[in-house]
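In the part that follows, the structures are each spelled out as structure tokens.
After this come two complexes, each holding chain A, first together with chain B and then together with chain C.
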Partner chain A sequence: MKNMLIKIFVPVISVLCSFIIGAILITIIGGNPMEAYTYLFKGAFCTPANIGETVIKAVPLIFTGLAATFAYKCGVFNLGGEGQFVMGAVVSIWISTTLKGITGIPLIIISLTLGTIAGGIWGAIPGILKITRGLNEIIVSIMLNYVAILFMGYLYTGPLREGNVPQTASVPVKLGRIFSQSRVHYGIVIALILTLIIYYFLFYTSKGFKLRAVGLNQIASQFNGLPVKKFMLFSFIISGAIAGLGGSVELHGTQFRLMSGFGQGYGFDGVAIALIGQLNPIGTVLVAYLFAILRTGATTMQVGSGMPTSVIDIIQALVIVFAVAGSAFINLPKIRQFFSNVFSKPRKEPL
Partner chain B sequence: METVFDIIFIQELLLSTVRMATPILIVALAELYSERAGLVNIGLDGIMTFGALSGFLICYITGNPYLGILAGAISGILINMIYAFCTIHLGAEQIVYGMAINIFAPALASFIYKIYFGISSTLVQATLMKTVPIPILNKIPVLGVVFFNHTPIVYIAYLLVPLTYVFFSKTKLGLNYKAIGEFPKAAESMGINVMLNKYIACIICGILAGIGGAYLTTAYISTYSDGVVAGRGFIALSAVIFGRWMPGGVLLAALLFGFTDALQLRLQVMSSGTPYQLLAMIPYLSTLFVLAFFGIKKAGPKANGKPYFREER
Partner chain C sequence: MRELLVMKNITKKFGDIYANKDINLIIREGEVHTLLGENGAGKSTLMNILIGLYQPTSGSIYYRGKKVKIDSPSKAMKLGIGMVHQHFMLVEAMTVFENIILGVTKDSSIFIKKDRIKKDILELASKYGLNVEIDKPITEISVGEQQRVEILKALYRGAELLILDEPTAALTDIEVEGLFRVIKKLISEKKSVVFISHKMREVLEISDRITILRMGHTIKTLDKNKTNAEELAALMIGKKMVSSKYKKVSKTKENIIALEHISFNKESKHNGIKDISLTVGKGEILGIAGVDGNGQSQLAQVVTGVITPHEGNIYLYGKKVAQFDPNDFINSNISHIPEDRNKMGLIGDMSVKENLILKSIEKSKFSLKKGLFLKKKIINQYSNEMKKKYDIRCSSIDQEVRNLSGGNQQKIVLARELEMEPELLVAVHPTRGLDIGATKYVHDKIISARDKGCGVILISADFDEILKLSDRIAVMFEGQIVGIYSGDNPPIDEISLAMAGKAE
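What follows is the complex of A and B.
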């Protein structure tokens, strides 16, 4: 309970601090923070269609956030979410535009599955290089991001280009919409089910327990006979697969085609979201939704109050700066002592 | 394809190799100073981005690229001080905090650019640093053009390599500094101020990484755009690993990565038929291959990446 409170405390304070600094920035550049923030939340919540937009924007962030969470739980850093996301979408567009004779739901299922596998394979590369050659997975996964993005660029300007504009053809089958008045698609359902599965796996199965054990202390896990390297590779593959599925869902549900900027920044955003969400799948969903609210409202804010949308980018970036510093701060021995004094009940003195 | 082995072509290729290797070299040295004090900083890409922006901005306002470089150095320190405080004093995980810097610094840079130049701005050009040929030496055929016809930053970057070597291997100060990255407890008991030295490491790292970023916008191209750094911070990180934490090795690694970058640019110009995306992959793929075949498992400073608390036993 005490741990839960502290875990919620840090992100909430970080968000508040970021909004305060955001307000100061807005004032410095000659705006009215109250007005800007009002437009921000109006833009996110005033109509059902806008609320739908926040959900749509949250979907890819949930996937990349979960991908980062999963890898980190096993003590490896997957910064390649963006590349895996893109590769998932690339394979999906290729399959769904070239596969003839299959349409409707079977095609979507095949496309999503292959997209997931593609992400998994792309995620396996840093994993394999780490456990066999001892390479730093951060560098490998980031180099692979650039390769994936350039490869996607090659496809939509070359072999898969349609028409004069550098973009691919649209996917033949789209993910269905849940409500008639907004663009919310079944991707959010997939994302939420996946969240629950990951939560169950990590905290209620023995495999998940072992995976977290590897993440907490590799040497101790090794001594207890856990196959540390296997777990690392496994977590990289699953992490990549989650991101790949995300790319596939984003393609079939929201973007429908590949073009410049597809998936841009989602990998790092995922890492930020995972860290702010305290590496908890449920927390990840909540923070992803917060980021989506900010992004949806940002456009309205720009139109309404003239504040550029990059104010929102700063606020997001500040949340991560504060959240990570805050988590470290409350884990300092002195501060931990202080908190345990505050939370422990005063002992009744026997008379 | 006959022109490939032309002497002019080779000269141009080597010239741009030296030029392209410069930012990677400076930033790799920044990381070297940081890691020798036990601080893994993967936020280099972010610091570079911010350095690139402030360098460009000051260069644009004053018209003086050297002031731009200075601004890059100062802003590098400022950004890296956030990292320094959180990792040294709060004991935040260094990789995680570096990541936070990688997200924060580009967002701040993009924000400042948009505020200053307006939301829908066209590409703004600033003055580019002029090359300063070194007299006499630049008259040597081929080599003169390749090595002695550059901007001063390039010379400084290459001069830093022997200086760094001498500092780390021949001076008492440098040996003390290295001890912090190897075994901070022992260093502390020998009377070395670990905390102070770690901050100094972060200042040096910030200066160099900021200059590396500013070099891109003041001496290499004359514009700033989001993503101008294009992962060079991470390539510099791998240059440190590939160079086995030694200044000479880092120089070779930086030259190799600079060469791949120069090569892909030359090929783009020459073969218009090949899609440029495939050629642009060369630097990233070669970084991967080089690391996969020549990277070694553990050679860095022993206490690298570990937080240090004075009171802890």
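What follows is the complex of A and C.
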């Protein structure tokens, strides 16, 4: 209970602080913060279409956020979310544009499945190198991002190029839309179901329990007979697979084709979202949605109040800074002591 | 000889516990003065007071006849007191030269006059026979050389009194000889050395005078020439209570575990074991006595499958162990109370409940379908039972274990390990850091496990604990078993000599 409160407390305060500093910033550059923020939230919420846009923007962020969360929970750092996201999309576009004779929902299922597997394989590489050769997974996974992005570039300028423009053909089958008024597609449903599955896995199964134990204390896990290396590799593969599925969903639901800039920044955004979301799958979804609000609203704010969208980038960055600093702060021994005094009823000091 | 340092009636209290009580120590100019005592005798506290890390509760320190207040390490350095810690304080990525000048501001210029300082250092080094490669990074030089760098660092900062905390612990025999040559050179230059060690042979070789500490008190200061190993060991250990309230049993015929010529990292005297053969039978406690860092950790990890021995075989219930995997050992009913409960035993950020079922979550008692569904109700019920049975004092079973006291943490480990009804229990320093009540509780539990037929390997640096519980006592020194004695009326003098490395 106490921990839950703290875990909600940190992100909420971080967001508030960031908006306050953002307001100061807007005042300094000669704007009216209330007006700007009004446009920001109008842009994200006022019409069904706008709400839909926000949801669409949240979907890929949810996937990469979950991918980062899953790896962190096992104590490994997957910064290769972007590469795995891209590889998922690459395999999906290749399968769905070259596979003949299958159409409709079966094609989408095949495409999403293979995209997931591709992401998993891309995630397995740093995992294998870490547990067998002891290489730093952070560096390997970042490097693989570049490999994936350049490979995608080769495909849309080369073998998979359609016409004269450097982009691939469009996917033949798209993820269906849920409502007629907006572009929201079934990707959000996939994302939410996945969130629940991950949540259940981590907190309601023995394997998830063991995975978290490995993440919190590797040495104790080893002494207590848990296969530490297996769990690390497993979490890397699953993390990659989640990101890969995200890329595949983004391709089939929103972008439809690969071109320059596809998936850019999603990997690192995912890491930030996971951290702000306190490494909790549900928290990750909420934070991903917040990031999406900021992004949809930014454009409206620029049009309506004349504030540049970069103000929103600053706010977003501040949220990250505050949340990470806040989590570290909360973990200082003195602060922990303070919170445990505040939240627990006084009791006689045990033995 | 003149007196360099006098510590008079030094007392240091931590809470209600006296770490040092009325300690008197006189260090003369140009002597090697050894501090001898068991673990926890108060040597480290005393030295930390001397170098300004702790403030004494009462008592006074005189340096060169003047009363001084040492309130920080830099003050100690200014006076001329330098310490070489057991674990070196060097920046590994930097060179020897950079480490020596680190934090020393001898001149006011903003640029470091490298060549001149280097010359000074090298002169100092050759004066005392401290061979160092001055431009090499620390990572590329041997442990012995790192120690010389530490000594040089202290000397460069003007140390006249050098404290060497277990300086031989990490060295090879040849390096120890080299160190002793350096120490002799230092005292011939009128410097003084405080030498802390457990090893009788070294103490008798290098010291001029020896002060024995026991349980925070100074017992006696002796001249090396007027004493011998037997007297020192007796003074260090003191009068032990031989009678134990626990009944001792004699070894049964049925072996649970047998080690045959086990070696691991055998070149290392302090992080390895060498040619160990021993057996533990049903329902007996084999105590492993010895000063910390003589291979006990490695022994514990070998018999729980955490590390794979480089040589030799282990037989469990008569069957040879083919693969060393902690999980296999757990499945063979071996429980382990590891030496560091926070690092190795518990997941600090998880709850009491989660730590209790860490090893058994996949048993059908707690989960269905290979752990796909957890029986949360039964887990809660079980945890509350354990909380009551083992008297774990926590606000709820959902409390994180890292917020609990050491005694309660150890009870969680105990509950988890003993509830598996082990046939072999490996308990390493099971009562380290616990108060009297919790210690007694742990002891009672270990004895009752033995009485149920569980074999126990008890590894402890606390000699009293070993004497109290063990049915047989094996002594470890520098990775080897140097003697096995009966736990019933054990020959204490002989054992304490063996622990100090003088079995012959």
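The working rule: the second predicted complex is superposed on the first by the 344 of 351 C-alpha atoms of A that agree within 3 Å, B and C clash if a C-alpha of one lies under 4 Å from a C-alpha of the other, contacts with A are read in each partner's own complex, and residues count from 1 in each chain.
Convention: a contact is a pair of C-beta atoms (placed from the backbone, for glycine too) under 8 Å apart; a residue touches a chain by one contact, two chains touch by 3 or more.
On a predicted model such as this, the values are computed, not experimentally measured, just so you know.
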item	value
Chain C versus chain B on the shared chain A, clash or fit after superposition	clash
First (chain B), second (chain C), both or neither touched by A:Leu99	neither
Which superposed partner A:Ala213 touches (first chain B, second chain C, both, neither)	second
Residue contacts on chain A - larger count, chain B or chain C	B
Touching partner for A:Ile314 - first (chain B), second (chain C), both, neither	first
Partner chain(s) touched by A:Gln222 [first = chain B, second = chain C, both, neither]	second
Contacts of A:Asn136 with chain B and chain C, given as first, second, both or neither	first
Which superposed partner A:Tyr204 touches (first chain B, second chain C, both, neither)	second
21-29, 93-101 or 183-191: stretch of chain C that collides with chain B	93-101
Residues of chain A defined as touching chain C within the complex	3, 204-207, 209-210, 212-213, 216-217, 219-227, 336, 340, 344, 347, 350-351
Chain A residues touching chain B - in the complex, by the definition given at the top	25, 29, 77, 79, 129, 133-136, 138-140, 142-147, 150-151, 153-154, 157-158, 268-269, 271-272, 275, 302, 308, 310-311, 313-314, 316-318, 320-321, 324-325, 327-329, 331-333
Complex interface listing, chain B residues touching chain A	42, 82, 86, 90-93, 95-97, 99-104, 107-108, 110-111, 114-115, 119, 230-231, 234, 237-238, 241, 275, 277-278, 280-281, 284-285, 287-288, 291-292, 295-298, 309, 311-312
Interface residues, chain C side, partner chain A - complex	304, 306, 325-327, 329-331, 336, 338, 343-350, 354, 358-359, 361-362, 366-367, 370-374, 393-395, 400, 403-405, 407-408, 435, 437-438
